[in-house]
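What follows is a group of structures, each given as structure tokens.
Below are two complexes that have subunit A in common, paired first with subunit B and then with subunit C.
On to the complex of A and B.
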């Protein structure tokens, strides 16, 4: 089973040209601040003394303990979101030095190896800012509800054991299941734009994560019972056709999920689904979904 | 107690656009390949004959050099298209409608994205950006190209040359150069042709690459890469044909081309070549 080491330096990290990073050095954090939704943004810079193995979260904790800028002004503590601190929950995703990634696994020794180096922290660009580096990623989960990316097992009686699985299918789906809905793929996507109005999410692009999770559950022996519904939604506005094939998603995915292969796979499934609809009588999945029960 | 339904949103039937979104998107993809892309290949093959036509003459005009032979071959091919190809106007109308459809929906779809190649500097992302830029420039170029050389909007042509399929090579050279000799406006037109046709070749082969993903033909990353090599090879060939055409006609003397046309006209004309 392929595993990914979280500590692998990203390709955009500063080259370690100045030798090994020295513990106890001072690193500047240029942080994009915002007091709340709709409030104007501003930049503030903080100097932090970093230790060996420091990451962005540990530095943000130091800033929160002593929120004084390099100019000596006392300010409010920087707000951010985080959960697992081991790159499996996605909550701490932010834009670091212009590229989106998890801040918990972002090691300062890779990004700022020298004394006085600067790291820029900004909130994700495609989600409404709650405060500072904390964003509201609800739209991603709305897309998952729209595509019903789950296995339907609710019922009034036991349905017995599920169908058999082949190890090959399991291998492919295991990789897809590593998606943590962090939002890196959509933040880097030129087709996925900031849309604060939830009423418009029904026709907005669902994003690479949702396409890949639809594939995960379409290929699941029980989950595929909802495949016609998923393919119908993916055929429409905001579905797979809104992908522009810029392929940034697969390059920024921290879990190295083959998102572009999922996009190709869903493209094929949607093509076949629509051709089948021309030639075979099928119940309208939307009508079934809206009916009683 | 009856629930208050007055606040419930009225059930709206999705618009025609939303209901046929899939069909409209896939028609946009399809029209880019057939008929537009197929026509582009045929068009560039014909036009690049100015460079290679001498070697396709099968023994006629043995006294002509590469340059004059290319002009003679091109002149005869254009005459064949305009006089022998059946229902040419039907082909043209289908092509114009396809280009109009592909342009209108293309601009609408492109407006839904925000290029970020300056932030995420990946090769694929640059191609995403260039696909949109080439689309916009391509629409302007095709409009100018068809309006001046097909619909006869000569007021847009420096020097006012009017394209005539009986005098295809000389009138085309004059339209590109702004007259017998290069004028500043003629140079601008030639440059616009060079940039426009180069961007359209890119737009076609890059669109061919993305269409294979859209339709679900290339699914694996390996398949996408290999199809990319094939598209790049096709793009290289078409780009060479495009540059040979533009440079070939921009460097052609209209007077000399007219002499070749007269010579060719005096020879027995074989149908079908």
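On to the complex of A and C.
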């Protein structure tokens, strides 16, 4: 049962290595900068001395401490987002050498093994830039509110244990539940477009991560009670029909979440939901309680 | 009962989220502040699991009482005992609740929650979700909070930084915070404020913590009048991967699942691990602690590893590292139980620990110390403390709630500032001089749920609505001028190594790691005090490289460095004050525990007039268990 969980190969972490990396070498970081929303973009390049095991964040830290470009111009420290530094919080996503991924787990030895190699850093494309490499991903969390991705428990008072679960089912739910809302899947998705206006998020594509979390909660015995609501949202504007099946999402997910499988499953559930709606018209009790967006 | 009195929760890790859910459920509107979207809080890093007595262990002789006893013993008799009892009694209920919220706990083949062994216990009592338990618990509470957010009961202020509490006559009436994007500074009123702001690993430069764990928020509450308890009690975790930017943790669960720690018997043996035959491997923890073996508590494992490497020079290849070996276990089993952390090792070291032993070394991990808090004792009050519980024997009392702490008493987990609470790692309670693995997640959620109820009772009696606006405005001005003073330094030219905030932080981390971790001594601590004084002095002339009025991360970072220096001062002074060895605090010049003088909390206070830190001793609640020597059956 668990075999399909790793059906997708891990995203290729790096271009093929060109031989052993030299410690103490200099690597250039070409960084896409922007001082704030509506401000013009520019490129700046910094030379950083890298040690064995350096990653993009440790290099950005070095740049922050002494922000001087290769031309010798003093500039402001680069702004970026990060947290755990071990690829579990999802904060540090950016576009590195043209590919979206976490920067904390991006080892320089793999990306730039040679003296004078260059690494390009850009912000994610599908989210409004706050400053430099930091983008505003609140649209992703808004999709989770829209889809009510939670288990509607009665309350926090003691009521005994939750439902029993087989190890196979646990393994599937655990895999889906590892989504760290990092945004790689939506940044790589041709159907997910930049939308800075929060008023339009209600009708814009929710993205693969949200579809997959809807599946997660539809699988849970108590979470399932909200399945009609989730499927209703997913059958409307910005729902499952917006997915063009390009399958880019699954290739870039750092947690190897079986996103296309989730999309397929939700697609089928939405079809069943719509047929049921035609034959047994029953209003969605939760449809009225919409989030603040 | 619904109320229009609002509560501010600073921090959206496990402690803050549990508090928000509890309060929102009771009808209280919550304003939640966090440096990051709460789903990215540091709790996401927790790996190994969460402890609670359970039916299987119970039938083998375990009990909530034994969990309590282990925690007090593990903390070397420094924790107030009644709160620990209440927490242990609540633990099974917390697991059940998380289970109902949909946490994918690992399962047995029959579908029950699986259990693993963890440090400081002879029973399997740790519940887990792969090797990313903290992530899974955080997500469950994040989802519940999002539900209340959708219903309008929780308002989130993410990417907002708490700057200062607003205090009127030793009672908190609100906070001042800054939007880290627009840089707007503003005040917020509240009937109570919960600090659920986590630990302070960044004071040591590199640690196992997330890079937002500066402890700055706690330091600010401290500077504004809250006391700070047991600052010197910093846990150094025995097993982490050394790294350039972070020391990534290899969870205790690796040892709980059978991982063995060893070095070659022959000093400097240059052979690869797999070429060293069994008889030529020195499993030093197993040999020295036959009963607990590799799962002795953290402070002990850390000191033994330190001794083997630093004192005896027996580290692998003469370096500061030992093997943590899982290669004797089935690789599929390992993937199922420990996949998350094995991936981290593989990703960052490039070696697959299923087939090659990991190389690890201790790293700063957790702060037992934190904001000092009080409580109301519950109903269990024996005539005097009773002897330590014999493992597996019947418990003297049952596990009914209310025996440890009085449920809903307004002062539970309250600091000395009225209405200002400290939950989770920010709270100095429960763990004493050393925290047992998988007890932190428990204490965080327990604080949120149990002490959250206390906040609810407190706000019924507290009315802060009359606090004058001028008070709030004054704190806003104080924080604005602090920020302006920092950014105005940019025009003075380039930072030099002398006044560069990154350099000051780096030197602080190096000094604190050298002087204030595994082994401490009076002369070395005095030297550290001189260094911290020097850094505080240099910080007064700190110079920034960014004057931006939009998303100025340098400003936020620099401000936090200043607050870390104050915490460091408290850590050094607490370490000097405690002239004994207890739990994580080991003084080579006072190697023994001294209960007569030091079975007391060190309590740091801040003097705003000259910005100095002083440390005194305060009695603790040791009324339930008699102290005994904490040996874990070490062979002489």
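Convention: the second predicted complex is superposed on the first by the 257 of 293 C-alpha atoms of A that agree within 3 Å, B and C clash if a C-alpha of one lies under 4 Å from a C-alpha of the other, contacts with A are read in each partner's own complex, and residues count from 1 in each chain.
In this section, a residue touches a chain if its C-beta (ideal position, glycine included) is under 8 Å from a C-beta of that chain, and two chains touch if they have at least 3 such contacts.
Please read all numbers here as calculations on a predicted model, not as lab measurements.
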For A:73, select first, second, both or neither according to whether it touches subunit B, subunit C, the two together, or no partner. neither
For A:271, using the defined touch cut-off, is the partner it touches subunit B, subunit C, both, or neither? Pick first, second, both or neither. first
Residue contacts on subunit A - larger count, subunit B or subunit C: C
Contacts for A:237 in the overlay, against subunit B (first) and subunit C (second): which applies, first, second, both or neither? first
Set of subunit A residues, in rising order, touched by both subunit B and subunit C: none
Using the touch rule from the top, collect the residues of subunit A that touch subunit C in their complex. 35-36, 51, 53-55, 57-58, 61, 64-67, 74, 76-77, 79, 81-91, 105, 107, 130-131, 134, 137-138, 141, 144-145, 148-153, 155-156, 158-162, 164-167, 170-171, 173-174, 177-178, 180-181, 217, 220, 222-223, 289, 291-292
Could you please specify the touching residues of subunit A with respect to subunit B in the complex? 98-99, 188, 190-191, 193, 203, 205, 235-237, 239-248, 250-252, 258, 260-261, 263-272, 274
Contact set on subunit C toward subunit A in their complex: 21-22, 25, 36-37, 39-42, 44-45, 93, 96-97, 99-102, 104-113, 129-130, 132, 135-136, 139-140, 143-144, 146-147, 149-152, 181, 210-212, 243-246, 248, 336, 340, 344, 347-350, 449, 494, 500, 502-503, 545-546, 548, 550-551, 553-554
Parts of subunit B lying in touch with subunit A, wherever the complex brings them together: 17-18, 21-22, 25-26, 112-117, 119-120, 122, 124-125, 127-129, 209-210, 213-221, 223-224
